[in-house]
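Pasting the structures here.
The two complexes that follow have chain A in common; it is paired with chain B in the first and with chain C in the second.
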Partner chain A sequence: MVSELSDAARGTLQRIQRIALIVGGVAALLAVIGGVVSGAQFFHSYLFAYFFWMVLALGALLVLMIESVTDGVWGLMLRRHLESAALTLPLMALLFIPVIIGMGALYPWMDPKIVAKYEVIALKTPFLNQTGFILRSVIYFVLWIGLALLLYRTSNERDRTGDARLRDRMRTIAGPGIVVLALSWMLAATDWGMSLEPEWFSSMYPVAFVAGMLVSTFAFSILVMWFLSSRGLLPYTIPVDRLHDLGKFQFAFIVVWTYLNFSQFLIIWSGNIPEETFWYAYRFKGGWEVVALMLFFGHFFVPFFLLLSRHAKRNITFLTAVAAYIIGIEVVFVFWTIMPAFHHETGFHIHWLDPLALVAIGGLWLALYLRNLASRSLLPKHDHRLALLEQQHAGHGHGQHEAAAH
Partner chain B sequence: MFKRSAPSPAPEASGLYGVMAEFADADTLLAAASRTRDAGYTRIEAYTPIPIHGLDEAVGFRGTRLPWLIFAGGMTGASFMFGFQTWVNTVAYPMNIGGRPEFSWPAFIPVTFEGMVLLAAFCAVFGLFAACGLPRLHHPVFNAPRFDRASVDLFFLCVEAADPKFDEAATTRFLEGLGAQAVSRVDN
Partner chain C sequence: MQSSPIDKPAVVETTDAFLGPKQTLASVTAKIGDIVLTPLRKTPFGWPIGFVVAAIGLLVYLYSLVVLFTVGVGIWGINIPVAWGFDIINFVWWIGIGHAGTLISAILLLFRQDWRTSINRAAEAMTIFAVACAGIYPLIHTGRPWLDYWLLPYPGTLGMWPQFRSPLEWDVFAVSTYATVSVLFWFVGLVPDLASLRDRATNIWVKRFYGLLSLGWRGGARDWNRYEMASLILAGLSTPLVLSVHSIISFDFAVSQLPGWHVTVFPPYFVAGAVYCGFAMVINLLVPIRRWYGLHSLITMKHFDLMGQVMLASGLVVAYGYVSEMFYAWYSANIYEYFMIVNRTAGPYAWSYWALIIFNIVIPQLLWFKRFRTNIPILFLISICINIGMWFERWVIVVLSLHRDFLPSSWGSYTPSVWDWTTYISSFGLFFFLFFLFVRLLPMISMFEVRDLVHKMSGKHGAAPTGPSHGGEA
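Presenting the complex of A and B:
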């Protein structure tokens, strides 16, 4: 069942990779030209787009590590895809340079006038300062890229040698790795996102993005699995029960996302003190309230009821359509979280550079992801779960019946 | 009540409930169940010590309406608790809490959520009892020999006498041909 990636599959992936690279490259060029014209707006749009793709890349690393400590067959199906997505982190480190260049345009604590005016920000400058910000960012990337590379190398070694003990090594890396990622992301989200409004603080803010990571990673995974299987590129048929697993994850993390975001809102709303409530106040007026309502209904009620039924989670066409929608609404969530920081007084604001930056980073990101994906077989060569996947895919004939029936 | 086919054994004049075939392993049972269904039998049920992937489809199990009951329960619980808090805080006993509006819906959400979970869980548990015909002290299948080993190491397939295609002699022969190590008559 397990074979090398077929030439046809490699060809297809490389063709899309080229398209992604061209689209991303052209968009990046246009965005840079736009940046020269519009100044600070470029960095605002860039940070928004960067956040979305960063959340996806880190989400892949997180789910990859969860896959390594658990033993589900769903993880076997996703492993190569997750490794490919996690290995885009070096690119994300490179793409962080514009954020450093634009720090002055992004972070109010960079402005000595603002620091002098607000004592609460001045008191935070031992943490929020340019040197600390850059130093910490370097450490985050070293940790994350290190984890991704360690897991990738171990996986390749396992392919080469077939040594079953390497699975235990992956587990040993991934267990503490999840803790390292969670803690470092707490700081990274605080640095990169929360400090856009440096007076404000919420320990839920980074966690809401973790929920976003899980939501968008599973949505992206479902899209990829659908694409690979509909083009006949997979060396196996996705068992309906395993598709159901992905649907269940997607459904569960939509609920987790809602739980975390609502908890943050409820705590701040009931506390009702000005140094916390302003963050929501700016996001509930001047047109942003429409986006907030869109998230309330569109990021919770719509996907929740669409995915509630068992049949919905077992139908790949339906599940894929919902996953595509979820990716879209996740973009809106990042937009609503980041962008109002730059438009406190003026209300809702969208600029043509926002979608352009999203396409620019996305094109480059996808190109690298597809390059990684096309470089190896779509299943690990040695894994104790391969027999399980094969057995379920044979499914005694029944899984197939049901897949066709729905 | 929630099963698509009535679960209670029809009291046959002969007192016959059905015939029970006994299998040594899961694969034989699974194949036998598929072939029994393919042969046109509709009232069949399998009893196994472990869950077997694909067995529900092999015996023609089409799911129950229980999820709809649970969904309705959840929706009722959520609407009731939300409505109740709204009524209490705006009509029955309005109070000024920190100057907030009387209809402060964010504060109602945790209790609304709990109400949804509670009623949905009740519907799941008690609905399952109702669907299984519980409480019930005895079931005819326990009259089959060695049936207690259905929870240890044997795999059973029962064709009920209520099946339109049922014929005691022919069905027994059919099941014996499927690799059963024993086929026995089950009385009510």
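Presenting the complex of A and C:
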């Protein structure tokens, strides 16, 4: 069943890769020109776009590590795709440089006048200072890229040698890797996002982004699987039960996302302490409340009811449409989380650079992702689950007893 | 294939499968069903001893309650500022234990994890008994338990109406819903097995007893079809309850303004903690039962290995909670949050904080290694440590935050009284009394689901099923 990636498939992927690269490159060029014209706005838009793609790249690393410690056939199907997405992290490290350049325009704690004025920000300077911020960011990227590379190399070695013990090595890397990612992301989310409003703190903030990682990674995965299978690039047919698994994950993480974000809101609202409530207050006025309501309905009720039915999760066209919608609403979530920090007084604000930055980073990101994806076969060559996938494909095994029950 | 449960066969440990070798449909039913149908005098010796000890515990518990009702909550160590003491600590601890049962029975069913079949029945029973133990604490904590019905919103002439904005009120709904759904789910799951017991029983009264409980089950295709629908619907209903009950309990603390309570990450970390100590309790219960009744071929090492992995994962989420709680207290640059760190790590109760870290975080790291997860005595000890650690977690949250809040002039201290201890320790009497009854009266492993597993593992698909298979459907 498993074969090398066919020339036709590689050709298709490379063609889209070129398009992505051109679109991303042109958008990046325009954004830089826009940056020269509009100054600080460039960095605001850039950070928003960066956050969205960073969450997706890290989400891929997280799901890849979850795949490595669990044993589902869904993981076999997604493995190469996840490796390719996680291997965009070096690019994300490179794309972090503009954030460092724009620190002064982004983070209020960079301004000595503000630090002098607000005692609470002054007290945070042991953590919130330029050296610490850059140093920590370097460490995060070293850790994340290290994990992605380790898993990638182990996977390649397994392809080459077929040594089944390498699966255990992946597990040994991924188990502690998840712990490393969780703790480093806690600090990274604090550095990059939470400190935009330096008085504010909430221990749920990084965790809510982890839910965002899982939501957007599964939505993106469904899109990719749909694309690959509809173009006939996959060396197998997606068993409908495995598609159902992806749909269930998507559904579950939508609920988890809502649960985490709503809990954070409820606790802060109910505690009603001014140093915390302002974060929501700014996001519930001046037009942002419309976005907030949009998220409440659009990021929970709409996908929840669309995905509730069994048939919805087993129909690839429908599931793909919902996944595309979820990616869109996830962009809105990141926008609503990040952008109000820059517009406390003026209310809702959107700039043409916001979508442009999203396309610029996204084009470059997708180009690298597709290059990674086109460089190897779409299934690992040796895996104990390959037989299971083949069986299910032929309609035997696990799928059948389920069919018998219904 | 008659084998009495008291026969102790040579123990063959299976590490790579969910069933021991040579299991057949008949042997499974005989093995599990006969534990219940064996006459009392042939029951393994551990049962009557355990039952009597538990019954004595239950009597102590009842006595403690009688004293409490006649004298009042003044017999406890609670005071102002520490108005929540052992009663709330134990409430949260017990209800947390219940969560593993729901996770195993509902979420693992939806995820088609076949390994749950050997342990779900006992875990669900544990849930119900733990919820019973838990539910009593807030009721007696009110001080005038005869007025507890005031917690319910009912249109009475008194005009009493509960405060709907208080999570304490949400607890009333959350816990009672949870108890109801858990009992329903458990009972529905029992019906096919009760029918098997009815059919196997020889004594007419035993036959009638199980006949009554099995609700006229005939095992026809329609019965199974409806059973499947009902259990999937109940699993779907139970799944959000795993999250909601303990989240609402975390709101009891988190919606306040007290440093150490007002933490936004509380809900998921409380849920993880509940699963953590719940699985530990499942292991603590299954290890002796498996030994007494010789269930090594039904509850295999692979079960323990997987339960160890679930504990490791949930324990790491809990550890993340502790780290992030401390980090954000520091990051907040708020003096009261700073003081919370100092008071926990170096205050008068610092020993309990460090005990929490050792029992709940340090020792369970052994679970990273398969050789500890599959070593029953060590796994058993780790599980006990986790249960102690999780109890300390609630102690640290309740007592250490309350006893020193904002104003030093309103600080105080808390020492549990003798009655606190008796009400806590003897609640195990209630729990084990119910659990021993369960082991004796009901099949503690789901017979038809294990038969289904035997069937699947035999690889003969397409033959007439002995029981339904579990297609996950969410």
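The rule is short, and it goes like this: the second predicted complex is superposed on the first by the 395 of 406 C-alpha atoms of A that agree within 3 Å, B and C clash if a C-alpha of one lies under 4 Å from a C-alpha of the other, contacts with A are read in each partner's own complex, and residues count from 1 in each chain.
Note that a residue touches a chain if its C-beta (ideal position, glycine included) is under 8 Å from a C-beta of that chain, and two chains touch if they have at least 3 such contacts.
Here the structure is a predicted model, which means the values were calculated and not measured.
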{"item": "First, second, both or neither for A:Phe209, with chain B first and chain C second", "value": "neither"}
{"item": "Of chain C and chain B, partner touching more chain A residues", "value": "C"}
{"item": "Partner chain(s) touched by A:Leu266 [first = chain B, second = chain C, both, neither]", "value": "both"}
{"item": "Which superposed partner A:Trp279 touches (first chain B, second chain C, both, neither)", "value": "neither"}
{"item": "Touching partner for A:Phe220 - first (chain B), second (chain C), both, neither", "value": "neither"}
{"item": "Touching partner for A:Trp257 - first (chain B), second (chain C), both, neither", "value": "neither"}
{"item": "First, second, both or neither for A:Arg310, with chain B first and chain C second", "value": "both"}
{"item": "Common interface positions of chain A, toward chain B and toward chain C", "value": "266, 270, 272, 310, 396, 398, 401-402"}
{"item": "Complex contact set, residues of chain C against chain A", "value": "110, 112, 165, 228, 240, 243, 247, 251, 254-257, 262-268, 316, 320, 323-325, 327-328, 331-334, 368, 456, 461-462, 465, 468-474"}
{"item": "Chain B contact footprint on chain A (complex, rising order)", "value": "241, 262, 265-266, 269-270, 272, 308-310, 392, 395-399, 401-402"}
{"item": "Residue numbers on chain B that touch chain A, as the complex places them", "value": "30, 34, 53-54, 57-58, 67, 71, 98, 100, 106-107, 109-110"}
{"item": "Parts of chain A lying in touch with chain C, wherever the complex brings them together", "value": "120, 123-124, 127, 175, 178-179, 182-183, 186-187, 190, 201-207, 248, 251-252, 255, 259-260, 263-264, 266-268, 270-273, 275, 310, 313, 396, 398, 400-406"}
